[in-house]
């Protein structure tokens, strides 16, 4: 077991896979010599060289187009889009090309590629560099969508994504890059489409993703210690494929669902979970479903403003105490 | 420079035994770098495209082809010239006006017509339609309906070739309008910087959908005049001369295979019909179509073959043979049933499934 | 205009339409019966709420629906109905058409709320439906006394034995050794109420024996004149009722109900007197403010209630507001009875037969045996509300009043 930061786990996963398979290549802006603007890919350029780790111009469409073209013809590329907000610049390649090619060609095209990107707020970068957009990807048929919350999950899920024969969008939460966690030694490969239950409690089920997971866990501890409310916490980890069975089972047990989402309110990933729960286990619900989300606004930049808009552990505690009886 | 002539595309009936010299006894023209076998392959390709596209036109009028269809009547020489110059394992990418490129790489006629008519025998099992013709086994790596998207994708395929050092070339066909979209610039730039073995071919038919390209482009040759921005030479050729296209292709491929990077080639051509089947083309100035019809690549090549001493009955014979093949393919695809509804829920993922949840 | 299932009693949540007296198209009026309803111990005739025409019948005869549910639609004189407002074809034909009409509001189903008016969650509704529970009778531990799933589960677990008795394994009793008599509506309602009462209240039975000598003397003194004047006999029951009302003033907690973890003591004494309907069921009409009545008034009220019960003339208000119940088994000659509490009250008294018994009489000169009219007064009480000592003290007070009050003066 080693204690790694979330960002170190990114580099370790990529290195693990690049050592294992020569067809794995990596491209993006400032990822090579500079080790990435978030220092999430330090050491890869040194170990694998400029042929396999390529710095690109500022050309998001070309980056993803190159990833698609090379994946179609035998490589297993990892493409970095520096800030997930920039996906909007190359969204055609993601949503119209990569996502649809296999289906449109009657199964002829294969695209074993990974698009990894730094997602979400908390860094005071302002609205165009802070949004959480994994819900954009969730809505497009043909994309797998992953958003890990811990270093061990980063390593295991990124390795799994690289090995996956389908296109995977891998959302790293930039506010989590510095957090530390224990990662098992040796080769680590997790399974996409599996959620994790981090805590057991009988009064309410909190379902969270990525940066919201540590906040949900902290809130659950305070709820137990200060308010006598016991919460189950589920880390969704994978939006597509979705581990629906785990979520339904854990919500059935308590009858109360609370989602914690960094996405702005409308069509955040939790809306789909709430809909599935209301549809499939309606008769197990013991009260209204609650979604705790960022409000439906672009994120403000100043410290206090940004912190107040993103769901905090304190807000999670407060809303549960006020609404879950 | 002399190069080995390309064998006839896979899947086609082999041409009849090499014809004897012309009965007239005309001497072969000196400097025939292309050679008879290749010329006949070019002729066959031109005929196949012309007859299939013409048939598609007719089938559309009979309401057997639905949706929209972007016909390449008039563009045959570009497709034939490049396809015949390509190796089997080279890759080609084209736009939604891509029937000709897909056929030229060797995809079957019933596959193409069947897909246009939405039948089970279609290349894409009826799932993609006219704008997305693909045959990966022939190296036809997709027809793309979003302008410009496939340029970086074609560049990506070239990256595979460079990385694995296979000598394969990626060929990317697009129209004049594409040169004005962002992805064009990104792909050309990155291909040039990385010196990728990709050949970008602009089929300049003077019109971007309904607007003359000159009205919306800052330079005269939309591709040719931009090449310098990427450190590439300006190459503008007569896209209706199959031989010229063939020669240009060979040069570009040699450069790419030698590791000297991409080419950008502008082929001047013209489309005989409207932008799509729905468009009668009334925006063209009077006389323009007629002038270009005089340069129709197919009759032009018929004359070229005669010039190079190929017997008339060989020329006509191939024409009749291809037409018969098109007739047969038409019947086969008409008889093919619509795709089963079970095809709806397959092939989103590599395992053949579509499920997003457990 | 909606015709709804009327509220028929304070713990009654549903009613059964037993018969329709009109068909679609008939004129209806407030002076005529429109339909009959049977519910908790009463058969009731319901007239139309206004003058008009019957447009549509939504609930057929024999069907049970919650109180407040729309059972029929009538068109008042001068009213127009919106075309296509979800009416049946026949109703549409009968309706006078108009361009626009106000949209009807759906009435809130009182059956889908708990005792504090909170709506029931889906999980609770499912459990309630699956187990035929009355959500109003289960205490809620959530916000505003909201009924939660775990409250229902706890309730079910506590009454598990009862539930299994209510739904025994199906046995096949048909055959020539048996006669199967299906429960009529009243029987069904009684059965449900009795099971629920036992499942809700922990019953304790306590009894005292009372010497009715004084009562008997006073009664016999006026018996003939009473009968001649009132038309019915003066029985022991009014005396017991009077004594009880006086005792309640000193022991008010027997005249109460339980709400969650509160004892709700009633300020009024509304006495319900159980009446047997010739072996065909049991009803308990309520005498409001019995403690304000004289003995004579009580006697008349008791008589009136039982007469109206037997002739099916009881009204909904006869069933609401009861705070304590007396069950007079004595007329059947019983020694002692353990009655079942009439929910939501906390106690019920059984008065059993008064018969001549030898009793020990203490005199200055020592004990002797005498013959006295003696009867058992047996109270079942809800042990959540009061304890044995309190109940016993209450019973003793009742007995003392019976044994020592100057009944002759009361009757004079």
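Chains: A, B and C, in written order; residue numbering restarts at 1 for each.
By definition in this document, contacts are C-beta pairs under 8 Å (C-beta built on N, C-alpha and C of every residue); 3 or more make two chains touch, one makes a residue touch a chain.
Given the structure is predicted, the values throughout are model-derived calculations rather than measurements.
Note on connectivity: the fewest chain-to-chain touch steps from chain B to chain C number 2. If each chain is reduced to the average of its C-alpha atoms, the one that sits nearest the average of all protein C-alpha atoms is A.
Chain pair with the highest count of contacting C-beta pairs: A-B. If you average the CA atoms of chain B and of chain C, the two centres end up 90 Å from each other.
Centre-to-centre, using mean CA coordinates, chain A is 62 Å away from chain C. Here the CA centre of chain A is 41 Å from the CA centre of chain B. Within the complex, the chain A residues that touch chain B are 25, 51-52, 54, 56-57, 59-75, 77, 92-93, 96-97, 101-110, 112, 141-142, 165-166, 193, 240-245. Interface of chain C with chain A (complex): residues 121-126, 142-143, 146, 148-150. Taken together, the chain A residues at the contact with chain C in this complex read 255, 282-287, 325.
Against chain A, in their complex, chain B makes its touches with residues 91, 122-129, 132, 134-136, 141-142, 144-146, 148-161, 163-164, 170, 182-183, 186-187, 189-190, 193-194, 343, 346-352, 354-358.
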